[in-house]
């Protein structure tokens, strides 16, 4: 193919290079964990567990990656997620409709995105300050809402998936009934079982690998954001305003609207992440998703997104989340149970990645300068 | 009835805090003409253009395209009305591909057809003879190519009005010719082109008409063939050009070896190849050559602006090491950088702070210049160099280009250098200030200061320098003195027609 | 004279306008709400000292750490165009080091306290230098570089004291966090004044201010004028480190114990906020220290006002956020421009009235 040839001729872009590094390091780290620790790391369930636990983080990081590519920052994402978890938990416990609770989640996320986006792009206030205030507000609202931890009450309800897939015609329900009677227990316990990826426990029981529905949503978000960034006018606009704002304006891009939308999408994704979080834990707590914004920033950075804007890729971010999680798993598996070991190794790893990126970009800059001259 | 006018701007006004940047300016562009917009810095050219392109909003006035009154509120509005602009600074995104830069922001489709767009880009680039591929990252292209891509984008917009704001300042002669070919081609297609430049010869080469602005007011509109160059300059600066002609030939000076102030052998930096160079006290010499010939890189190596790799340097016969700018400064060398915006001014700081900066650095971190001292220094140089500023506390960023340059000059003069390197001190500034700077250089030399002067305009160098070092492809290829100092000889050496002794 | 007054009205206050207006509004609001809010009394404290008491004093007292951190943060912001989000974690490290040394010597005398403080300062400066190196040498965005210590700083603090939260029982330490016997003014307030004076002296006797601003506005030009931009950025982080140590010491002394988890928790956000409320650009460049200090007090007046209005401490954040948004919206460039335009229009109308006939 001729097309392929022309593609080959171009050197890797910064975005691609940094993402490749992230993926390589994740793979080599995971492989060495498999060799060193064996056990859990050899099972597919390990990866599924990592995804199950981190589906909300993946979604939030996607949103943050968009904002960071556009040259901004949003540190309210964790707090918004937490607020959504709490609000939805309380709503459901007061007999709220399940679909309405989803709308509430999206609505809260959207509202934060709209207000913050408006303040940042149309009133030209520094994003850090706006989203810091957003973070304060969301955290404050969470504590105001939460008198005590809210565990979503699922007693007496049934996991409808069992009925849907049931062989017994007496209890079997149609898909339409399934949708109509949808309850939270179904969402909470909904799992996708993949038998052939399972393993046989020592007692001879076959345990199939299971993945929560939240992971599907998270993966869907990754794919959608990936396509948006790559093939949508708006997505390319994010890169343009992050690369050079004045130029983007001169190129006829509506810089304000594009930036506004980046925050709106980010807010919306935070809302989705909150709901997925609730689907994972089934309870709302004032300290939910504490520190998630920094984890999301760390994941984006490890995945090759630069805070300076214009460079980044959501696929990299996905692997950034996995890398972060793998580090934590490795630390726990190696017997360093103290929680402070986790944060110290995470810090060390971050340090390593950040310096590595800095060096790689420096060398590339040099090479590029040489090329231009030659 | 008059001939078809494509664009009419009537009674345009623009106010900035404290300044009337444009007052009652009229401008008319006809279809199929190249129209030069001329004026000193601060005359209002850029403001007029920015009003036309929607970067600024006018404070009164009327803009008509094809006889229809339009209002331009943003660059997009301008584009939609068929007005495209190519700026001196590259206004493209370096992190996107060439093709994306050409098509982003103007396609109706929501989804991007990557392949189709790249093919279209390649076709267009081919047609215009631009050496780039659609799939290339723009940041990997040379500045000249980036500029051409910007023009290609504008051309493809099917624009009626094309504004070229100093597009040639980063292009070499060959590229300028390609651009002119392109401009004539567009003109034949009925596009009206507004051409802003500081190069007078270029105006006379391609333009049909000239509009001159001065101090935010319209001076007049002229046919190019009816306005001799000397008169054009007179209209731009608003005074007679006797001064220009009073600039006689530079008298040849003879220096003895004892007078050598600076001498370098095999000096090289991360950007410059090894070269030998020496300058005497009171001598004005120049580095010349095409853009990219290494002239700026060489003087940067002298000052230690880039990483110095090798070489021995003697100052006043004493061996010294110059690795960083501060070393050079301590040895009495000053350097006025080529890119004033990027390497010269500290935009938000006041004129006073900008003036004392270099002296302060030389005095050291722990010996700050007192406020009183600083103020008297600032006042002294504002007066001596005739810097036009509201006060010494005005941020330098709000001054016009020429006055900014004078402040930077003042900064270096205040350090009382023994050797001053001026890299393109006259670029992008008005004719009047150019003359002032040239005079200043000669006066400095009389006072025994060694000066290296670099300019893209050879005439300017011939007027000031007693020795010219010619560079080509990053090597010194000749040194001209005395009777060899004439335009023809310089050109010949730059072009490399005959082998020189160098 | 008239011109001068006019200038002050026009923008002589410049970037200080917003924090000063905020303080005035809050004070007036409190006066209406409860005039006794500002009553200052002289009371006997537990140690039998006559000390000043009242809301105003507690505001000024409680804002001490923040004010000190805001000063350091301003410098970092100006030089590097970014912010250090690890100051809270670093304060925990410095506080832990401070307590660790105090616990070494059996009885705590003035010398031991001084030595401990010195060690805390050095430790914090080393960590500051670590951040500074990442920023200046490796050219990493400050927020990203300091994310590392933000992530693991409190764990390092935990490790210093072996996971315990040791208490310190010493009159001298108590005096640092409370009152010096015989002096009615809280010691932290005195320390803030001392730090501010030190900054003023440093600005007077060195070119720190000019160089920092030059580097922040145009690093390339600063370098070509012989300024060592790397060193200036590094220096700003080291100075911030020293500020962090002082703030950490005050924080530890107030409670008489080090809790690595909660010491100055979330203070980094408040410090950055103080810088921004003070009218300093978070993008670096020109700065005014006074603005940041005022910003710190604005934040605390707000907090204490909310407490006085019986808002539960956990909910304060939400109300604070609203006030912050109002403040930054007023200070936003777009609103300012709109305001200036409106004023100009009104003025134009007035001046145009008599000329109307001529036109």
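In order of appearance the chains are A, B and C, and numbering begins at 1 in each one.
Operating definition for what follows: contacts are C-beta pairs under 8 Å (C-beta built on N, C-alpha and C of every residue); 3 or more make two chains touch, one makes a residue touch a chain.
These figures come from a predicted structure and were not determined experimentally.
**Q** Could you find the chain whose CA centre sits the greatest distance from that of subunit C?
**A** Farthest chain from subunit C, going by C-alpha centroids: B.
**Q** Check A-B against A-C and say which one is joined by more contacting C-beta pairs.
**A** A-C
**Q** Per the centroid of Cα atoms for each chain, what is the distance between subunit B and subunit C, given in Å?
**A** Centre separation, subunit B to subunit C: 43 Å.
**Q** Can you work out the whole-Å distance between the CA centroids of subunit A and subunit B?
**A** 48
**Q** Could you state the distance in Å from the CA-based centre of subunit A to that of subunit C?
**A** A distance of 33 Å separates the two centres.
**Q** Which subunit C residues qualify as touching subunit A in the complex?
**A** Subunit C residues touching subunit A: 83, 134, 138-141, 143-145, 147-156, 158-159, 163, 269, 272-273, 276, 281-283, 314-322, 324-325, 328-329, 331-335.
**Q** Over in the complex, which subunit B residues touch subunit C? Could you list them?
**A** Those residues of subunit B that touch subunit C are 303, 305, 324-326, 328-329, 335, 337, 342-349, 353, 356-358, 360-362, 364-368, 411.
**Q** Taking the touch rule as given, give the residues of subunit B at its contact with subunit A in the complex, in rising order.
**A** Residues 74-76, 79, 85, 87, 90-96, 100-101, 104-107, 109-112, 114-115, 133, 135-137, 139-142, 153.
**Q** Flag every residue of subunit A that touches subunit B in the complex, lowest number first.
**A** Subunit A reaches subunit B through residues 3, 6-7, 9-11, 13-15, 230-234, 236-237, 239-240, 242-244, 246-254, 310-311, 368, 371-372.
**Q** Subunit B touches which residues of subunit C in the complex?
**A** Against subunit B, the touching part of subunit C is residues 204-208, 210-211, 213-214, 217-218, 220-228, 285-286.
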